[in-house]
Structures are given as C-alpha cells and as structure tokens.
Amino acid sequence: MTEPLIRFEIPSRADRLCLLRRVVRETIRLAGCDDALADDLVLAVNEACMNIMQHADTGTYQGPIEIEILARDGMLEFLLRDYARPVDVTSIRSRDLDDLRPGGLGVHIIGEIMDEVNFLPPPEGRGNLLRLRKHIVTGVQR
Amino acid sequence: MTEPLIRFEIPSRADRLCLLRRVVRETIRLAGCDDALADDLVLAVNEACMNIMQHADTGTYQGPIEIEILARDGMLEFLLRDYARPVDVTSIRSRDLDDLRPGGLGVHIIGEIMDEVNFLPPPEGRGNLLRLRKHIVTGVQR
Amino acid sequence: MKYDVAMENGYAVVRLQGEVDLHRSPEARKAILGCLQQGHHTLVDLSGVQYIDSSGVASLVEGLQLARDQQLQFGLVAVSEATLNVLKLARLDTVFAIQPDASGFPGPA
Amino acid sequence: MKYDVAMENGYAVVRLQGEVDLHRSPEARKAILGCLQQGHHTLVDLSGVQYIDSSGVASLVEGLQLARDQQLQFGLVAVSEATLNVLKLARLDTVFAIQPDASGFPGPA
C-alpha cells in the first residue's frame, strides 16, 4: 500500500479553503507538479470541497472534510471524505454551459482538470468518499 | 471548544519533514505570524517531530504523527500525537550546552522558542501527546 | 480579498485583489451588483486577482446578467492569468467583454 | 539539499544549499567529515542554506570536533540568517569560527 503524502482535515467552513489551497499546493509542488498544473489541481480540489460545504446535507453539513493526497503509478490521487448523508450521484451533473447563469460550474471545472472523478463506497459505510485522479508526466518524488 | 486551524498527519519518516514544515508555515502565516516567528515555530515543531522519528519506541516507531494547530486566547498551540510507547518524561532533558558534542540540541531549541512544552495524557490512553504553546502578539485571524 | 471602486472614463471600476473564493466572493458580488444597481456602467479590474473560484466567476456572471437586464455596459479589465485560466475552463472567456485596461472600452454612449 | 566541494585558498570548501534537515544532513555530514578525513583544512559555506535543523547543526559540531582531533582548521563561511538563528538558539554562534567569506580565513599555516 502506498503511504499518502499527507492526510489532513479542515472543518466544513469557507474561511478554511484558503489554508486548504496552500496545503494542497505545497504537497503537490513537493511531489513534482509545476506551477500551471498545481494551479489547476488546487482549483479542482477547492471546487470539490466547496461542493461539500455548499451541498452536503443540503448545505447544512458542519463536520470535517478529510483530504488524503497520494502519489502512485504516475498519478496524483486526492481522496475527499465527508460524513454527510450519501449523495445521490445521479443528481451531480454539470449544467449546459451555453445556458448562461451563475453557478453550476464546479462539477464542470473538476471534470475538465481531472482525469478521473469517482464517488467510492466510503470505508465504514458512512459519508462520502470522492476520488480525483490526475496522471502526471513529471517524476514524482515519493 | 476552539476548532483547530488544521489537523494533519504524516508518516514517521524523515523525508516527510519538508512537507510538515511547509504545512506548519502556511497555517501559522495565515494565523498572523510574521516570517521571523514562523521560522522559529517551524523549527520547534520540526524538532519535536524529529524526536518522535528518532526516539519513539527507541527509534523504531513507524506509525503516524498527528499534528493539530489551534489559535486561541492569544496563543498558538501545537499538539503532536504519536502511538509509540509512553515516553519516560524524566529522560527528556536538554544536555549541558557547554559540553560540546553533536546532538542533544532539540529539546533545548524547543524550550528556547516555545513558552510552554508539556506532555499531556493522550486521549485514549495510548501513545504520547506533546503540547507546544506560544503566545503571539499579532492579531490572530480565526 | 480586498477591493476598491473608482469612477473612470464614465465607468464604475471595481478593482478586486487577492483571492476571490467562496469565503470572500459575496463581498465582490455585492460591490459589483451595487454599482450596477446604482445605474453605473461597470468594469471589473482583475489584475490583482491571484485566485478565483467558481463562486467568484458566478459573481461576474451575475454582473453581466444584471447589466443586460438594465441595459448597462459590463466588462472585465486586465484579467490576470489565473483568472483567465478559470474563465477558459468555464468556457466563459468569450462571453465577457475583456480589455487590457479601462481605456479599451469606448466609454458609455 | 545539494552540495559541492571546491579547493580555495588552501581550504576544502563544502558549500551546502537548500534545506539541511534530518533527511538530508547525513549527506552533509559525510561531505564535511570526508574532507577532514582526507586531511584538508575545511570550511563550510552556508550562504545557500534556507533551513537547518539540529541534525544539520550536529554535523557541523562533528566537523569541529574531528578538526580539533586532527589539528586541522575548521570554520563556517557566509552563514545565512536562517542558519545563524539556529546556531544562536543552540548557543553555538560563538563556538565556531565564522567569516563572511573564505578570504576571511588566514589560510592554512
């Protein structure tokens, strides 16, 4: 089993996204990401956390968000765990971008940046586990 | 209860200290530390983690090191948790610095930088919980 | 994030700086919509924006929509690379009027 | 961390760069002790050191001790602020011979 680069947790609060972004950035920079790729991955992870803050338990979720970052098989993997009610995966879809309206951009942005986006069965059957994966070309320091 | 700024965990491996330092630095910078204070606090937390890596279970500890950073009451608090055998607190002392020899500097450095250094009873009676505290003058953003 | 608002060449120019994220975009939104509600043609200067997320972009879209409703001009100025990257990902880079600086806009008719 | 070794003014100069921590200080230690074991008067250039922890400082102390044993000269050169801060915390700033650059040392007798 690959040891994660880091496991960390922030409360589900918008004022903690700033720190989340810095931790993600530092971690993936050490793992060999250049600035442009780091910008994109930070954005995608930020959007996924925003979605938990805004939509988990229909916006009332107050618990922690746990983030694990792994480097393996030429891939960076981000695991996002919450303890909210299981999401209805069919309800998560990007809107038609031609229909100009504010909102509805997060899922699309995540999909544009990441190579794989999947909800996995959460370890102890509670909450949600979102896995974001990105193949990277640079040598990743383990 | 004050919500921690962040909780994170790294494996007890020297090659992860680099990331530890970056996460601690970003967290306390956002909490209002200037560069000089951040340098010192990063050093102290690094030394405390080094001690776990080098001495916990007489140097064989392979488990995680959990770090929690809190800002409260004009203080930054760092909680370091491991799951090694309880340390004999009386064995932890700084050496006489006039006796020139390599090593034996970490505990002294931590004590110089921090205002309070205490081993607390660990939450579930396992492992060790080290608390480092530093009063800070700047306004801490919560 | 911080912002200021200045009148320039007949436009209200809202200059955003820093990180426009879920925590801070409500302020940006209020500033932008406020200018439009007061009847100003409005530009948003994004030169100092190091980070913007979808909530920040949503505020810009809201501005554009309100401007259209009120028949006011609305545009983006000095879009930072970070911002342009996100606008492109959202396929909005061609939806907004974008100029290097405020003088690139003709001035209200 | 990376390092290189050069001969300068009769000294072996070990130039350390980056972060000299528990993970990387064994390399620094080996480089420093290696020079001394080969009988060189040795200087350690620390201008490029952004971070040093107690294990890095311990390597410097080992160098000083070995130098004394072997009656070789040993000194620190261009000590970065980060390094000086740690040396002071360890009360070692007066123990080492420190000069702004290699020419500050008299050259081996």
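Labels for the chains are A, B, C and D, by order of writing; each one numbers its residues from 1.
One rule holds in what follows: a contact is a pair of C-beta atoms (placed from the backbone, for glycine too) under 8 Å apart; a residue touches a chain by one contact, two chains touch by 3 or more.
Keep in mind that what you see is a predicted model, and the values were worked out from it rather than measured.
> Among the chains, which is located farthest from subunit B on the basis of C-alpha centroids?
C
> Could you give the separation in Å between the centres of subunit A and subunit C, each centre being the mean of its C-alpha atoms?
Inter-chain centre distance comes to 27 Å.
> As a quick test, compute the distance in whole Å between the mean CA positions of subunit C and subunit D.
54
> Report the inter-chain centroid distance for subunit A and subunit D in whole angstrom, where each centroid is the mean of the CA atoms.
Whole-Å distance between the two chain centres: 44.
> Quick check on subunit A: which residues sit in contact with 2+ other chains?
If we look for residues of subunit A contacting two or more partner chains, we find 15, 18.
> Identify every two-chain combination in which the chains touch.
The complete list of chain pairs in contact reads A-B, A-C, B-D.
> Would you pull the subunit B residues touching subunit D in the complex into a rising list?
14-15, 17-18, 21, 39-40, 43, 46-47, 50, 53-54, 97, 100-103, 105-106, 108-109, 112-113
> Where on subunit B is subunit A touching in the complex?
3, 5-11, 13, 16, 18-19, 22-23, 26-27, 30, 64, 142
> Touching residues of subunit D toward subunit B in the complex: what are they?
19, 21-23, 51, 53-55, 57-59, 61-62, 64-65, 82, 85-86, 89-91, 95
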